[in-house]
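Just below sit the structures, each encoded as structure tokens.
Two complexes follow with subunit A in common, the first pairing it with subunit B and the second with subunit C.
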Partner chain A sequence: MILNNGRFLCVPVLLLLIIVGMAGHAGAAQTLRGTGDLGLIIERASGSLVVVETTSHTALGRVEGLGDLSHASAVFSRDGRFAYIFGRDGGLTKIDLLRTEIAKRIIQSGNSIGGAISQDGKLIAVSNYKPGGVRVFDAETLEMVADIPATMEDGTLSKVVGLVDAPGQKFIFSLWDAGEIWVLDFSVGPEPGLTKFKNVGRNPYDALITSDGRYYVAGLFGEDGLAKLDLWHMDAGVTRILDGYGRGEEKMPVYKMPHLEGWARAGDYLFLPAVGRHEVLVVDASTWREVKRIPVHGQPVFAVARPDGRQVWVNFAHPRNDTVQVIDVPSMSIIRTYTPGKAVLHMEFTPRGEQVWISVRDEDRVDVYDTRTMQVMRTLSTQKPSGIFLTARAGRTGL
Partner chain B sequence: MILNNGRFLCVPVLLLLIIVGMAGHAGAAQTLRGTGDLGLIIERASGSLVVVETTSHTALGRVEGLGDLSHASAVFSRDGRFAYIFGRDGGLTKIDLLRTEIAKRIIQSGNSIGGAISQDGKLIAVSNYKPGGVRVFDAETLEMVADIPATMEDGTLSKVVGLVDAPGQKFIFSLWDAGEIWVLDFSVGPEPGLTKFKNVGRNPYDALITSDGRYYVAGLFGEDGLAKLDLWHMDAGVTRILDGYGRGEEKMPVYKMPHLEGWARAGDYLFLPAVGRHEVLVVDASTWREVKRIPVHGQPVFAVARPDGRQVWVNFAHPRNDTVQVIDVPSMSIIRTYTPGKAVLHMEFTPRGEQVWISVRDEDRVDVYDTRTMQVMRTLSTQKPSGIFLTARAGRTGL
Partner chain C sequence: MRSLKTPAPNMRFVEAMIAVLICAAALAPTIAPAGEVLSQNRRSDLNHLLRHDCGSCHGMTLKGGLGPALLPEHLTAWDVDSLAAMILRGNPQKAMPGWSELLSDAEAKYLAQRLLEGDAQ
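And now, the complex of A and B:
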């Protein structure tokens, strides 16, 4: 009888433990599950994010308390379990996607713009506007392991943009105010090597690295053109490409910087949003020459290739940001125009390209499109969604 | 007191449940963990496999009872939790990597050679020698959803090789005896569409699909050349490339078929093992012309590009299979020759390329190389290891 009673009493205790365990931070189920189909959506106004999965397209839970996410991006640990969120306020937060909770959080600067994770997954680098420079942290503990101020010749600090990771434990970034590209190399020992390329052009505003990690290309806001560095031949220095692509033509006001990251390469071509023009530039990836300009609905913000390179999806800057256009790569023409609603901010493909997730900030919605039928297959309601990041980025260079 | 007693009794019951839960099939810890850094090693003689992780390079557990794995390969579910193993005896086994146990197992044919997973992760296709054809299964339940016998004009069945998945819910494969390439299309409805390309060349023995999923290339054993299909322009049919690459020169005996899968593309080039020659062929990926032949140590079996495309690692057929050579892509020359030991069977890179795992069957060893220092960083002892497969394949086309 005592034994029976013992057993009986045991049940609620056990259940309670399981429920507490499952609740995580935000009530999400903490069952054993793979992480290959996970992702997160930044909720820019509320300093929160939603953890999602792309197999049945559901939200697994919300994580709050991430500070100012008015401009935020993310990278993932190599096992796909943790996300590192770079907030606008210099916050660096490590999220446990399986427990839907914050694993660690620090404020590492006064104003940051983005970040990257080293090839071996052990280092997190953050690019800062204030104080201008890059800080590098241990991915496990978030302890700082290196501080690289972006000191210019006059002694002041430059804002840093376009930070990416590259093969061989490298980080590459650009100095907005100085017009320089720096390569930080953690393969050489505890003290990283630093190589500086000067006079690369005025005001680099963002950059991309090709998916093989070979070419780093920075967009120049102060000039018509881009700066390119071949990481296999660093001695050849930085060269200019697409020089003067807008010269002699009337420039339009720039309401929003175009962004260069994402899957810019489709087959033999790179698709780049032009600055201050309603055009996507098509660049031959072997000659680095412009081969075509595709007129589009507005100033493009992101031009992202479907992973198979057959389509490029484009969103636009205010005031034309209610629209998404799809470029067909073989014909290099627009085959579809959607108007999902006000403030389409970001687009993210699943790694094999069958879905694309699109955030529509002012409608508090993320739409999931089937890229074959070209129909919306699911809608998730989220609060002021902006960036969408899937764990498949963990296995890619520069994302 | 009764309450106390109840609580006290509760503890062992609770612990027992946790331990049973954690034990899994093979004693591996079943703690909450990401699946992005998991993989498995086929143990070909014992019908078993070892689940491994690439962050600290450890084995998490062994799964036994997989039948004849004397030639086996694997694909992964889109969440990275499950592996599907294609055994030589027609066995199709679904493995739960987190629990280190068999989730489901069927014998689907008398003799099978490989398999693939559909773009949406819902279908598993297996290529069979006996009965010759392809069978397609529900990834969740392993129930058969389609049976496609490879019927030739004379009514007999052909062996099927070179089965890959392609964008748009397609599977592509080649008929060894018939010299045909077939495209199976599950995007059109419950009954798949089937397109046949005839007279593609004698005895296609294996195939690859480029990582963007656009070109399917089958090696021809009966002819000097390869058959290429552009999936973006199927109406253009199958064309021949590298025709007569060995013509007029003395052929060597083929002890082992070269294999074509893996990361064959490095930058602008494809690196292909030649049939019956001690050479790796370099093909320009835009013109599909041979640009160079690199003399190597023996008949190459696998030529696998490091994900950044800067190196290609090559292993060899018996009797020269104790060696691995590394080709430097920029200079197209061999920069390193290793002799890991007898019967080097397979090589698998981590998705960002910082490690390569190499199986040395007759030494019961898998060596993990750091691809930057070019040193062995870890050795795992396993029983007669052959194929090595990492979950990062889940996010790729054709792997």
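And now, the complex of A and C:
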């Protein structure tokens, strides 16, 4: 009897479970979506970010509780579902873009500046100012797998900048205080190999790796020039390019450090911001010689090539940071000057380059430009927006 | 521990400086130390500058970045005049730009005062 009653009761419960299950499935089907057109906008002052999609240019939701996001940046998991946010306060936060929520969050240091994801997507490296060095984490669990203090010869720690990933499970970074470039190699096992290049120049401030993953180029704040490492020929060491481009002239006060990123390449050329000068430097990417200097509105911060390499968009340092200029690559001249408003901080192209998203911090606005008509096609209201990062970065070395 | 070892005259000096600043602020809230009048708008711009543009290197909460932390406990060796002079002159060895092209003496002193008072955030 008891057994029969039990069976009898099971039927409605099972039916209910099936109905609930189907409803849940139908709900999921409605919201199924890919991540290829997703991205995020950092809201630096409020410790939040907005998840956006670039097909109809809308905000999908806001994620809060990310700490101090001044100078925050992001990398993406290889499936484009998760973003890893590197905050100023040492916070490392894994964001689920589809659920618009924090998947995991740790405070990994006292003060950090950026990060990178390994070629296989399994490791997240963070560059720290305090304590100076690089820490590497499991991308799934955010558990630390390696701690590499940037110890200088006098035993103190150097601030670390310009951290990028490179093919072969490598991470490369520069030591601001020591003037060194280090290559960390995780292809050899859990204990990474470490190769140090010393005396590369004074105060490397940021670096880029070309999108083929071959050349690592660090900008030098303390000298007129850049340090280049050919990863195919590491034994050849670090060489200097654009040596003495300022030719000893006194540079202007630099109110904001320029940034170097893998977007710098347009066709056969690299477009690089000059430090303390109102110029974009154009370098032939095969000979590494200077081709031209393009006079621009102010001291460039970012020079970002449209994915087809036909244009380079440039923003500027304080106090001339209300302007964006567009360089036409074939003629190497400025074809457009916009004044979106005070504190234009970042520009990000959609993967095929038909749109560029531009953050205007002090106007609490992100403008989306149509790069064909050169008109603003959409404006999103956000709080003190800074970095804009789209998931297309997931498939690119060094971003 | 450090405060125990700090010589008394220094403490008195700091206290005196604070007292002077408080008096100055109370007596003439819109008059900067050099006598130049800073409008409420300009002061609001300067507060914004401190948080966001100084913050590029020193961190938005002034806890440090490429540049050192600028919270009061890190600035015990400085007074308004020396700090304002550093802001205007900069330190080329440490990538600190001189702000004299953009800021007047009075404005630099206002910023220095804000930093030393610790209410810059």
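General remarks:
Here is the rule we use: the second predicted complex is superposed on the first by the 366 of 399 C-alpha atoms of A that agree within 3 Å, B and C clash if a C-alpha of one lies under 4 Å from a C-alpha of the other, contacts with A are read in each partner's own complex, and residues count from 1 in each chain.
Heads up, the rule we're going with is that a contact is a pair of C-beta atoms (placed from the backbone, for glycine too) under 8 Å apart; a residue touches a chain by one contact, two chains touch by 3 or more.
If you're wondering where the values come from, they're calculated on a predicted model, not measured in any experiment.
Of the two partner chains placed by the overlay, only subunit C lies in contact with A:129; subunit B stays clear of it. Annotation for subunit A, partner touching more residues between subunit B and subunit C: B. Contact with subunit C, but none with subunit B, is seen for A:89 once the two complexes are overlaid on the shared chain. Of the two partner chains, subunit C is the only one touched by A:203; subunit B is not. Residue contacts after overlaying the shared chain place A:68 against subunit C, while subunit B stays out of touching range.
Touch criterion met: A:394 reaches subunit B, while subunit C stays clear of it. In the superposition on chain A, A:214 makes contact with subunit B only, not with subunit C. Across the two superposed structures, the residue set of subunit A contacted by subunit B and also by subunit C is empty.
Per the touch definition, subunit B reaches subunit A in the complex via residues 2-3, 5-10, 13-14, 17, 30, 32-38, 53-55, 76-82, 97-99, 119-121, 167-169, 187, 212-214, 232, 267-268, 286, 307-310, 330, 350-354, 372, 391-392, 394-397. Residue ranges of subunit C in contact with subunit A, taken from their complex: 48, 51-53, 55-57, 59-61, 63-66, 90, 95, 97-99, 101-102.
Within the complex formed with subunit C, the residues of subunit A that make contact are 44-45, 68, 70-71, 88-89, 111, 113, 129-130, 159, 161, 176, 203, 205, 221, 253-257, 318-319, 343, 361-362, 384.
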